[in-house]
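Two complexes, one shared chain (chain A), two partners (chain B, chain C).
Coming up: the complex of A and B.
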């Protein structure tokens, strides 16, 4: 293969620091998702529950403190018995943080919102009292999305929360429009893959959807304003199932994790770059210049088994951010991804932290970076800020929280052992230069 | 795959082997008592059951009793109980209803209803010496098929100088008739519009019955169309809760089948030389692969005659291939084609042909009911309404494939009728949600969750959640209450009022653009083909000449060589991505199986451009092709005295104009003549029916059918977990 590849050299990266280990699910824990607006972390499991953890810094955890001394506490806030008939495979928050979506093997997607305190009081009275529920409202299912024929594998909101995508073993990818009153309308059913679709992810910069499948391919979809959603390109290269996808924060790169034990990085060539290489841009629709996606790096040799999850978050200034991946061999790797200056070179991955057997002998199913605080969230459509929910009351510690260091040096992982672990990228790896 | 979108999604070809996924044996009388089990428990149980094949070929199970918690009970040391399993019989219907192994079922399907089968029957018939034992071979052809043929062959004839002129459907029908009679000895060839007329009348009867009954009980309206087998199959499999709303009236294909088999038409004219007792072999030409499935439904098998009402369904594409294989050029006129118009109005059996059913190219079901409501209102207000007919408005929901029609009283503004046509799988999903909302029915997935959870220990504490809400994105209390409040304020907008009123009727079709875009229609011709149209030996025809290639996705996928380039796009934009399936059909919701970019990785667009330049055939997109077929469908015939065919009507004004035009004396007279003939035929059929049921029952037996929900829980239980 002609792609440039990165293989481990003598890796001297420092280990990830374990902050907390939270058992709880009675069966394998599948996915973890950090609420982008409040200090909640959701996990889901084969036991059909969703668990919500709140997290907080001990006092003094401000930006001027040494991060190494930072104390972050996690506490189980609520256990939601979802009522899904089978495994809850993935959880996803809307960008507003107000809606949670659950993808279940019972073929449906659940839509959850927090009830106002008064209403959840009513629910409590009807006998489903939950000891962890406080005076803030409980999370309740406001509806389900049906249509998939078999196990729903993944669900995700777009960057502004107006669209929701889901995928399934039935080989289809569905796109729903989120309507103002919390209703949903099906916009498209895309039957492009020839097998089970494992993962859907939206670009953080535009309404570009990516899906990954058991058929070893990745497909990218766009909306033609004059027509329908369509698949405009297929990325081939992985030699086995593609399990997980994550766009870079800038939207110009895409990471994919596969059963072939590699992580691939795909980069977008814009119209000019395409011309320079004599390529015809693809995906030209009204209001969008075409582009091409090419594989620019193959991270191989890092994992001994299937890579199940990959997540890409913002990192140091001047870099493309931090990429985390983990899978069947229990190892978590964190790379800093950078693009060589002044050239159109391939992104370079430098391992900055890792940990072996992160969940003992268990397979790791998901890695997920914590959210950024307001200062780091550029391009935010509204003035929403990161609001913290107090431990025992309604009081928001917004004044405290909004200016603190974000949570995006924290990495959550979930595994077959049913536990959630949260890791911190060591200070030496974060770099300050 | 050429089945409609709905069917494609339902009939999954997955990586489960057919033998594993087949649930049919479980449904036999040895079936275990169905009890809801946790995933875990069922897995444990299945591990304790062994199936062995004895030397005689009989399957036996031996079961280790397990208690509910999955641990072997005390009796586990006892000899294993062995049970001889009932031999499983799997019919085509079972296979089609199941998601396990449809790919193989498709091969069976194609084998049972194919050109080869037609040829075989015709050949065998030719060798029969005794006239009494000869079968009467007849064909019925859907008007959408004629439109597809016209769209293709007018392209050559007009040689692009006049793109809008089409070979009239009447001529196409005459030529197909000539071909089938001349080459294959068919006794009669008719189009299905008369059968459709009978179906429409029964359809309207049923609607009125439901409307009357709806005053007393729920579950009557909205009535949903029943002509599309893809939709029926999808509803039976995944939305059993909607089945009560689907019209019971048979589709035109099956009405034609009943009429021909019941000898009603022959009985009227007795033009055929054969004795009335001779059996009829009925070939239907349809725009749709799913129609093959419809013909094989158990309900359409006549026990007395021992045959299906429609013996064999072939698609437009297959008929086209047959003509090409026989070297018949349908672009050329045939003898007597230009017979006087009056003669053309009637076909071989003395029934009128190519009747005009305005409103949609999928049968005009919605329009017929709309017109009924319009006329009823006019009749009620006979004196005053002449000057002010009911007001019709239309609203397009996102695309014209989902259009709502509201008929209001000119005086009170009261809604008289509210309907919609809804084509394509995506719209079907939104329709399902709307109907669930309107009627309060819930799908099995949502509703069943409640009962299953209810039986589990600890369910009480699991009160919250998906199961409690039921399916279909039903709004919970808050939203609902708000909505009611808004309406109660009296300031409800017309839209809110319409939304609240719900639909009376929906014309549902699984294919985008409806039946003109059916899976069995002729694909846009490529350059090679159009330059040697009667040869038929070009690459694509070769590729599809094997039924298997045509039918099994897996084989196409596994083909080492990519199929011949079939892109018909101009190489730009998304429409070019509407790749074609092995038969060249572009399913409207785009299922490109061989994305060129995925196979080669070369410069796709350049490649496409070159191909387009080489091509002399259809240069537009697949969608434009469908539009062309639609145009051909509505293109006026040239026969004198024929009333003007009515075009597709999407705007309220056009519909209103059509409604008014059809009130003109000439149109009314023609309509009445056809109506009374239709009634006469139905009466004849009913008279010929034996049995002592009352008239209505007899009528229903002839013209209506039933649906059943297909349980696929067992398949889900076997499903692989990730």
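Coming up: the complex of A and C.
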């Protein structure tokens, strides 16, 4: 396969719609993460806090079309002074939504869980627990993962919540097992990169880990059941630091963002496709056929400075999803990624929305798609379950039919001025979905 | 203080600094407040990226940029940037980067939107500095000091790239990469010792080319003006 470049065409895409702009942190905001189960959005910062925002929707009522009638509101629920001694660089939620991990420049990873209301709040005059989120806080640190020798840059849970990965400027990637009692056991320390590791991300389909590094490469790791975790392939091509990674929802593609101002898409060739091209499959272990990853797209010319973040989420039926990217020139781009035309083709990236100066003059450090609702994720028969945390902090079941499309078209972005913004992909660019 | 014998470059060549640039602005109008170093907290912690109020300083898809920012941007050129950094001192010697010829205005490029077709929509500064010797171990520290100085002294709209003058250092590429990785820079500046040394280099930066004597005399004049002289 060649490496087709997708360069900007003369026609421009519609702008992303700004839903809300929140002042957020007192210093650079590095990262945002949506809780996959509840309506919380976490951000973290150089100011060492984690901020939790809740979001709620009001619509015209059951059966109304959501487009054009829906209002989404965000409110700051809680500011957690994490106690980290330095910048909090990234936050990550477990798939259950009940655990939060923080990666800090103080070289540790913090593990947080929410206390039950009766333990965390004061009892009011009526005798019922009344959590006071600002003074007592509802999130408690239940553990600290130590071991890295220098700043932690990234932390991420696997799709089942059974594994956690962290990485650091010490060039290592650590894999931790999440144990039933809430403890974490280090399974492996992988020192494959020659420089800082900037980002780690698990595949949504298997326990395959990807890491991005200051050494300009991406590495993929697997667990050999008869042995240990190992790096099975290195993806080269970027000409400078790789800052961020995101797998496609199907797990067969990987997007990367780099200081070389490009976004690359790497696609997985399975065993059959490898043999057809005369390539030796890699990463063949018990229970897993081998494969190869090749660079199929270079999105060049969209950004004038470092691209700090990519995120790939599910999109319209029949497509590979929507890819968002942003960086130091203040621009956010969203592409729809379509299946390749033929056997030999590469995925097709089409710009569907963008915005300039998304946070004014500030660098954008992170873009993150809102989570999918459960019904759409696994095609299950349940009606969508989406816990809404309302003003009084009671969990409600938001189960009407209009929830099935979920939040996936909302995009959060964080910036150097500490702000958090949430955007919506305009309906016109969704086509006939 | 290090003994002379352990310094990288024990006998640096000292160049006579050019006269402090005309218009280097000892007086500041309210709109030039960002130039006046007295406004900046000298002992602030790691650099903070001044945001202003996002509601007023934002430009989304063609909306007007805050007028103040637009006006300030027009006034900054290579000479102004040079003025801001010329009096930063070397970490090892009590000499300014101008006196050591580590920085000069000819190696500074300022690009503003519209300067040429294809120019980015944000103003950029490209600053090249020349270490005194090709294996200067202080090069990264000097670069870091320059970065912090410009972070504090330029409006946040400016994107700054700091590079070693090509061919003047044996680890040119590695140092360039470090100085332009904002995560590494931010983490380094969270180190109190390192930040302390950087601050030391920046203490004199507001002199903008004036000599220590000139600077002291000016302070004396101001004191008299303000009625606190004996």
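By definition in this document, the second predicted complex is superposed on the first by the 389 of 433 C-alpha atoms of A that agree within 3 Å, B and C clash if a C-alpha of one lies under 4 Å from a C-alpha of the other, contacts with A are read in each partner's own complex, and residues count from 1 in each chain.
Just so it is clear, contacts are C-beta pairs under 8 Å (C-beta built on N, C-alpha and C of every residue); 3 or more make two chains touch, one makes a residue touch a chain.
Nothing here was measured: the structure is a model prediction, and the numbers come from that model.
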Which of chain B and chain C A:363 touches, first, second, both or neither: second
Touched partner set for A:187, first chain B, second chain C, both or neither: first
Chain B versus chain C, judged by how many residues of chain A each one touches: B
Touched partner set for A:151, first chain B, second chain C, both or neither: both
Touching partner for A:301 - first (chain B), second (chain C), both, neither: neither
Contacts of A:110 with chain B and chain C, given as first, second, both or neither: first
Which of chain B and chain C A:419 touches, first, second, both or neither: second
Partner chain(s) touched by A:345 [first = chain B, second = chain C, both, neither]: neither
Which of chain B and chain C A:259 touches, first, second, both or neither: second
Partner chain in contact with A:234 - chain B first, chain C second, else both or neither: first
Where chain A meets both chain C and chain B, residue numbers: 86-87, 89, 105, 150-151, 153, 169, 196, 198, 214
Complex contacts: residues of chain A adjacent to chain C: 15, 18, 21, 23, 27-28, 46, 86-87, 89, 105, 150-151, 153, 169, 196, 198, 214, 240-241, 259, 304-305, 328-330, 355-363, 416-419
Contact footprint of chain A on chain C as seen in their complex: 46, 48-52, 54-55, 57-61, 69, 120-122, 155-157, 159, 177, 180-184, 186-187, 190
Residues of chain B defined as touching chain A within the complex: 5, 8-10, 12, 14-15, 39, 99, 238, 425-426, 429-430, 432-433, 443, 445-446, 448-449, 452-453, 460-469, 471-479, 553, 557, 572-575, 577-578, 589-593, 595, 597-598, 601, 603-606, 623, 716, 719-722
Partner chain B, residues of chain A touching it in the complex: 80-87, 89, 102, 104-108, 110-111, 119, 123, 126-128, 130, 138, 140-147, 149-151, 153, 169-172, 181-192, 194-196, 198, 214, 217, 222, 224, 227-228, 230-234, 236, 278-280, 282, 284-285
